[in-house]
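Sharing a structure with you now.
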Amino acid sequence: MTAEQLKKQRQAYNNKLIEADSFFKEFSALDEKAYSEGAISKKNKELMGLAISVVTRCNECILYHLETSMNAEATLDEIMEAIKIGVIGGGSITYPNARFALKMIEELIKEK
Amino acid sequence: MTAEQLKKQRQAYNNKLIEADSFFKEFSALDEKAYSEGAISKKNKELMGLAISVVTRCNECILYHLETSMNAEATLDEIMEAIKIGVIGGGSITYPNARFALKMIEELIKEK
Amino acid sequence: MTAEQLKKQRQAYNNKLIEADSFFKEFSALDEKAYSEGAISKKNKELMGLAISVVTRCNECILYHLETSMNAEATLDEIMEAIKIGVIGGGSITYPNARFALKMIEELIKEK
Amino acid sequence: MTAEQLKKQRQAYNNKLIEADSFFKEFSALDEKAYSEGAISKKNKELMGLAISVVTRCNECILYHLETSMNAEATLDEIMEAIKIGVIGGGSITYPNARFALKMIEELIKEK
Amino acid sequence: MTAEQLKKQRQAYNNKLIEADSFFKEFSALDEKAYSEGAISKKNKELMGLAISVVTRCNECILYHLETSMNAEATLDEIMEAIKIGVIGGGSITYPNARFALKMIEELIKEK
Amino acid sequence: MTAEQLKKQRQAYNNKLIEADSFFKEFSALDEKAYSEGAISKKNKELMGLAISVVTRCNECILYHLETSMNAEATLDEIMEAIKIGVIGGGSITYPNARFALKMIEELIKEK
């Protein structure tokens, strides 16, 4: 799937989860609060989320945090550094996710 | 084990790994390079390492990145925010590691 | 892939694994025994399997345990509760799998 | 550490987490809600939590869900079945946690 | 995706990673060194990599180590034994990856 | 705990698991069969188990496969190569386990 298709599907099913059960609304609210501007800036938190997404090998999370990092004005250099911290932490089994991240970066840049 | 004992044991066996095989010297060098000051500051990279350590539930890694975050002048607020990002990402199975982090923070503050 | 396609592929390759090596026959038999009606009911075991599938982020396992839960007369409310227990346990990195579960539930309900 | 010591330490640091940051209060509240009596009984949810704890190899979580399962009147047979479902799901790397579970069961039974 | 498509995409993005940042060149070099002929033969190291790929549930890694194992003259019996060691280690949540491995083996054999 | 204490505890609780439920007897038998001499030699299978134990960060598994590798006449060079393959696969979060492996190797060599 393309970045665009993945984003649409994420949005549709996040909405359905929230409609299905208030738990998901509360969980998402807590997640948003943890990622909101604070002692650590929004941008650095989203880059942190990106590194976590690489180390836990979660491709949909990678796409999400690439988007939010870019929205928070993260540069390509910062994004690559976050990916590298994910890879050194999680080892060669994270390589498929680093490749996926690069593919999504290409698509997100083209979209703009 | 106390933070102090864990640190000593880590140091001793990191040295032994390096003596045993050059692989560990090269891997550590690559790790250090990934965590060095760059587009992302040293402090924010160490906080990133802390969040990764919580989400991957690695207690020895938590202690290490608490030390390096503090050495890079991270505040207690920043440290707590990194831990929270780890917990929301990794869920309630990371609670034992969040508790461990708090225990180590107490010991590291006392040491100073 | 649709639920239907995933099911066909699972069945085909489970058969091939068993043909290829008796190990897989014995492993599957042990798995079936663990999930058979016992002190815990079949239904509650399958819901347990569903929660495990979410927390371990295994989409093919999610589809399988959705089917077996429904076959064991689990209600939609029970299924959603098992998914929630998976999500709170495994954190926001399990969200893609919760979304996948919801998508599969839609397809399985339509099939009936 | 004994079950008794682990329980005390858990309680102390859960309290400290809540004092340190309201996030942990909200996360715990959400966790409690997910595990409360519902379409699935409290007992079956705690056994589900136990199976998840084995498959994710979280010893402190195992002790916690052993306690809550017993408090919800789970029998030893039900507890063993939940552990087996964890082991078949997570494989031989969960054996150390199955052994730990058995050790904790012995201590919890003695305490009564 | 077919084995052929997956291989092409891997090659393309590995190249892009290396072009994007020298980190990936150094990491790959270290990985290659760890997998080179030594006290353990190249063939047995690649089979080891295959078992690791199954237990960590990394499909792209599975395809890669299937190719390198075959290139190192591993037999089908050896490959199946490595997969079984992965499955017994990682449990039933690795079944989707064992099925994927078998599907890739079929395609790789056909290609020859 | 020392290697000696860990071994005793493992033996005691493996026996108790088998007494408690035939499932554990059957699972262990299947595990033993997967690790028995075959197309891949016993020694190379145990080294494979060691690499898996490092990448999955299971310390008790590391000690077990160090013992079985040594019993199968694996040399120290082979053991270090298996550990390195675990570390490059699983990244810097496996360092605590590589250090643990080295500590256990020291104790096991002394015992002889």
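Order of writing sets the labels: A, B, C, D, E and F. Residues in every chain begin at 1.
In this section, a contact is a pair of C-beta atoms (placed from the backbone, for glycine too) under 8 Å apart; a residue touches a chain by one contact, two chains touch by 3 or more.
Since we're looking at a predicted model, the values are computed, not measured.
J.: What is the set of chains touching both subunit C and subunit F?
T.: Where subunit C and subunit F share a partner, that partner set is A, B, D, E.
J.: Based on CA centres, what chain would you say lies at the far end from subunit C?
T.: Looking at centroid distances, B is the chain farthest away.
J.: Where the centre means the average of the CA atoms, what chain is farthest from subunit A?
T.: F
J.: Nearest whole angstrom, what separates the Cα centre of subunit C from the Cα centre of subunit E?
T.: 26
J.: Determine the centre-to-centre distance between subunit B and subunit E, using the mean Cα coordinates as centres, and give it in whole Å.
T.: Each chain reduced to its C-alpha mean, subunit B and subunit E end up 31 Å apart.
J.: Find the geometric centre of each of subunit A and subunit B from their Cα atoms only, then give the gap between the two centres in Å, rounded to an integer.
T.: Result: the chain centres lie 22 Å from each other.
J.: Going by the contact rule already set, what residues in subunit B reach two or more other chains?
T.: 23, 27, 30-31, 34, 52, 55-56, 80, 84, 87-90, 92-93 - these are the residues of subunit B that touch more than one other chain.
J.: What is the shape of the graph in which nodes denote protein chains and edges denote touching chain pairs (line, ring, star, complete, other)?
T.: Contact map by chain: complete.
J.: Note which residues of subunit F are touching subunit A in the complex, please.
T.: 55, 87-94
J.: Tell me, which parts of subunit B touch subunit A in their complex?
T.: That would be residues 30-31, 34-35, 38-40, 44-45, 47-49, 51-52, 55-56, 75, 77-78, 80-82, 84-90 of subunit B.
J.: Mind listing the subunit E positions that touch subunit A in their complex?
T.: Of all residues in subunit E, those touching subunit A are 9-10, 13-14, 16-17, 20-21, 23-24, 27, 31, 52-53, 56, 58-61.
J.: Applying the document's contact rule, which stretches of subunit D touch subunit F when the two form their complex?
T.: Interface residues on the subunit D side: 57, 80, 84, 87-88, 92-93, 95-96, 98-99, 102-103.
J.: Can you check the complex and tell me which residues of subunit E touch subunit B?
T.: Subunit E residues touching subunit B: 23, 26-27, 30, 33-34.
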